[in-house]
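Naming follows writing order (A, B, C and D), and every chain is counted from residue 1.
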Amino acid sequence: MAETRYTPTELLACVAARLLEDGKSVFVGTGLPMIAAMLAQRTHAPNLLIIFEAGGIGPQVPVLPISVGDSRTFYRAVSASSMHDVMSALQSGYVDYGFLGAAAIDPYGNINTTVFGDWERPEVRLPGSGGANDIGSLCWRTIIVMRQDCRRFLQRLPFITTPGYLTGPGARAAAGLPEGTGPYRVITQLGVYGFDEETRRLMLLSRHPGVTVEEIRANSEFDILIPADVPESAPPTPEERRILREIDPIGMVIGG
Amino acid sequence: MAETRYTPTELLACVAARLLEDGKSVFVGTGLPMIAAMLAQRTHAPNLLIIFEAGGIGPQVPVLPISVGDSRTFYRAVSASSMHDVMSALQSGYVDYGFLGAAAIDPYGNINTTVFGDWERPEVRLPGSGGANDIGSLCWRTIIVMRQDCRRFLQRLPFITTPGYLTGPGARAAAGLPEGTGPYRVITQLGVYGFDEETRRLMLLSRHPGVTVEEIRANSEFDILIPADVPESAPPTPEERRILREIDPIGMVIGG
Amino acid sequence: MEILQEGHGELVGWHDPDEHRQWVRENKSRELKDKTMTVAEAVGKFVHDGDFIACGGFGHVRVPMALIYEIIRQGRRNLTMAGKTAVHDIDILIGAGCVSRVEVAYAFGHELRGLSPAGRRAVETGKCKVVAEISNAGYQWRFLAAAMGLPFIPARILMGTDTFEKSSAKIVRDPWSGKPVCLLPAAYPDVAMFHVPRCDRYGNAQIDGILVEDFELARAARRVIITTEEIVDEDVIRRTPDRTVIPFYLVDAVCEVPYGAHPTQMPYLYYFDEAHIREWLTLSRTEEGTKAYFDRYVFGVRDFEEYLERVGGVRKLNALRRIEQLRAPIGTPEEEGNG
Amino acid sequence: MEILQEGHGELVGWHDPDEHRQWVRENKSRELKDKTMTVAEAVGKFVHDGDFIACGGFGHVRVPMALIYEIIRQGRRNLTMAGKTAVHDIDILIGAGCVSRVEVAYAFGHELRGLSPAGRRAVETGKCKVVAEISNAGYQWRFLAAAMGLPFIPARILMGTDTFEKSSAKIVRDPWSGKPVCLLPAAYPDVAMFHVPRCDRYGNAQIDGILVEDFELARAARRVIITTEEIVDEDVIRRTPDRTVIPFYLVDAVCEVPYGAHPTQMPYLYYFDEAHIREWLTLSRTEEGTKAYFDRYVFGVRDFEEYLERVGGVRKLNALRRIEQLRAPIGTPEEEGNG
């Protein structure tokens, strides 16, 4: 019973952390991605290299950073460098994983974080790309963490801020984006998704405990590829939850 | 009488130093240019900013540097930076003066420091551009210091390493080089030269003490523009000579 | 190299490299001279209505806030601002009506702290116009191109997206690989502003920790204003010349402003003032609240020192120092202060 | 962007950016692991016949000489070398028959010390081939393009000259200004070698003083070998992360070699060994002398420490330290040593 008393955010953090391999590198933002990367380091991936877009490389983070440029992101780092340096490393293929948030996504993993409505005179203006377009263009594998519902899983985005697979197979390379890159996983409050090799469309990989395939379908404007047999995401272990509390003692990201 | 007992190199250093204005910047190499810049700083141009291509900016040089990357080039500097930084400053228009040496020059101030004979299998192989092409392309005013004789003042160069005025008026801009730049003065053991505004060809500005116009003509393969009335270069003053000894006490550049 | 595609965003801050070189030659002093002045003088002299401005730092880190408050105090108008992970700075400048045009990499948000009520309201009502989109790396590299005196620099980003379509970039075919590559035009801000831990009176400025894109931005901008925790003797700089990030010939004004980055973080020196940022985010939900904020913290104080008193004075500043230096946890009573 | 002109020099060290990314993904470790080894192991493992190599530093400053001697000792052949203000390093590598191809920004000279007898003889007799010309900034920016993972970078140099004609650059029309601009192709050396004052066992390397183009070169190269005056504890690096110039994930080998830059200068630590450089410049005037030099200083010694004994041992090294630190003038008897 104890194992099931976890918060939704704890589950997301654990699911995200487990995707990260030891000995690889990850570009993280603040919030959940940071927590997932720290959790991975303290469990199966002690040798995961964490890089921040403002220039922090390989820190020994003492306290959860609030900002991507926060001095905590280069505390006891191997290098406190510059955006030019880390973005160049990203462009040169040194970064395995990158995290993105999204206000909306389409079947090909394209992302909108810029605007709803008309660009010139928007209904809702969002912050824009930030580093998202860079990460989505240049990282080997992008992991998107977002809320899923019918206003966010859209057939067609009002604005593509960050490239997923664009219009499908081959479209990224044709556009000039680095070969072999693209969205790898999408993690929502309902499940974990990948992208079908042939169509490059969103495909369910696992449902979170208690979530049905119907719920997953109901919370998307477009058709999600759903294989016949979809496993359940493994819930957070007590050990993972203990570490999460250690990382975020005041529940800044994980919640109360 | 005392004033005339100077070495040829002392004269060159003084003539070069006097061209440099206070409050401006100069890109220097080792040897004579360095000495000229230091002499200028200790006479009429205390606020001359000295920049070295390897990254030293505004040093308080304790001892004459031997190499352009020598730690003396960034001793008590305002910045010990990088080639990227200083070359970018050069390209952005921050550098007023640059010094060049030359193995050969043509009437338009183009320079060869690469090769005599065939490029593939040369008679004489020289070091190549180094920073010369960069300085000659990007500095506002380039000052060339070289030996003059018929094998060096050539009608046509076997190889143009560094651009002067190329084929004449307008040719630099047409080639894509920054507007308003180009060779400013040529200093040899015989005299000081500028470039005629209209033709962009080498023109005598002053003869060194004791040098005749005939000698100047005799030591060039091409016709040098020689105005009717050419002044004599002012010889080194005792004060200048005293400072030169201070700068180069063992006569490394200035000679014995 | 044929042009395959062109973005239709406004080309902000581009100059022909020759025109820029000429401007540098005529306007940037290569002389080692005293440039110290007050923030009022610096803003008065170098920030003009209609200018394209940019701030050093990143997000809520090392932002030259004393200059931002002064721009509001002096009532500058029609500024275009680089939304290069601009958060509190751009938000209050938009809220105060100073900034009316933005090229956006990241703006209208406060990272984890949530979206900007003031900034978003201005954009959604048309009071502030987004003139172009770009990404963080894209902006950084636009500054790099300018810092290098180039018309453009290539990058493998933006392609395939609407961010490109609303940018000022172009896509061409790389003559070596034959593949499409994006060209980012140089961006030369009229004024860039930085807050640094130490700088001498000539403008030789050092930064501790990450540089973000300050190295490039300082070289891209036409005018550079430095605020510094401390004006140090030239000798301090000359003893550690490899720590100098911004040399004097790039700098037009040097202002000593201890705590000049408040309420943003100054690495190693003081932490974010979360209480103050929260106060702004709360007040700025309404026009009235926004006005109240400026009345209290900008127009109602004589200068930045009086502002510091008002946000909590010595007690608050000491508390922020302890948190930044990991000697006190976040959220201690002192940090909440009396601001 | 039509191509207006193309250089006809050989395109040295260029890779399609996608191919390079894939190589990085498969071959560069992102793991913090011990990379310490001897120079013999490092050269054995990472420098292969036919490789394109480059050295950090500039001229006779901070050159990884212990690695250069080891490459000669191990008899590498057909190397292509970046003549990026390469002086003593390239001269002895050509003299020893290791380097047979050079892209030249600056080579075959020793700055103020005169031209290189060995290097020039090899080029003038066809034993060593110059495959392309470039300038110092041009090479530096070729490395910058590679460090950024780009196919090329623009620059306003080379145009109008034979240096361009013998380069691998191209001239295109800038789509913004309409003016010609030079595009420099990226250069990815197979191996770059650096000597640094301090580095930890993982390869986090710090450099004091000017960086020259080491920042860019370390990021451009596929393999990076570091020799260091001292292998320091990781903690030393982590206390001053803003001093790290080359982070571990770029580095393949770390070798502790005190005085590893001899006879070149190590800023703050030891001066040029002018006597030794003069000995080489004198001996290398003939083939016999060149052979005698290598017999004495490379093949006749077991390792770099024995080499250091032979060039004058502790007395010489102490003297060079005093000169570098401005505690003794140039040309003192000790400096002349017994080497």
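What we mean here is this: a residue touches a chain if its C-beta (ideal position, glycine included) is under 8 Å from a C-beta of that chain, and two chains touch if they have at least 3 such contacts.
No experiment lies behind these values; they were computed from the predicted model shown.
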{"item": "Any chain in contact with chain B as well as chain C", "value": "D"}
{"item": "Of A-D and B-D, pair with higher C-beta contact tally", "value": "B-D"}
{"item": "Distance from the mean Cα position of chain D to that of chain B, given in whole angstrom", "value": "28"}
{"item": "Between chain A and chain B, centroid-to-centroid distance (C-alpha), Å", "value": "57"}
{"item": "Chain C-chain D separation of Cα centroids, rounded to whole Å", "value": "38"}
{"item": "Gap in Å, rounded to a whole number, between the CA centres of chain D and chain A", "value": "41"}
{"item": "Junction residues of chain C - those touching two or more other chains", "value": "17-18, 148-150, 155-156, 179, 181, 209-211, 241-242"}
{"item": "Contacts with two or more other chains, residues of chain B listed in rising order", "value": "74, 80-81, 91, 178"}
{"item": "Touch-based graph of the chains, sorted into line, ring, star, complete or other", "value": "other"}
{"item": "Pairs of chains, among all present, that meet the touch criterion", "value": "A-C, A-D, B-C, B-D, C-D"}
{"item": "Chain D-facing residues of chain A, complex", "value": "22-25, 47, 49, 57-60, 74, 76-81, 85, 88-89, 91-94, 96, 140, 178-180"}
{"item": "Of all residues in chain D, those that touch chain C in their complex", "value": "1-3, 11, 14, 16-18, 148-156, 170, 172, 174-177, 179, 181, 183, 185, 208-211, 241-242"}
{"item": "Complex interface listing, chain C residues touching chain A", "value": "57-62, 83, 85, 104-109, 111-113, 115, 119-120, 123-124, 126, 129-130, 133-138, 140-141, 144, 155-163, 166, 171, 179-182, 209-216, 265, 267-268, 272, 324, 326, 329-331"}
{"item": "Contacting residues of chain D [partner chain A, same complex]", "value": "17-18, 20-25, 28-33, 146-150, 202, 204, 219, 237-239, 241-242, 244, 247-249"}
{"item": "Residues of chain A touching chain C in the complex", "value": "30-31, 53-56, 62-63, 66-71, 73-74, 80-84, 87, 90-91, 110, 114, 119-134, 137-138, 159-163, 166, 171-172, 174-178, 250, 252-253"}
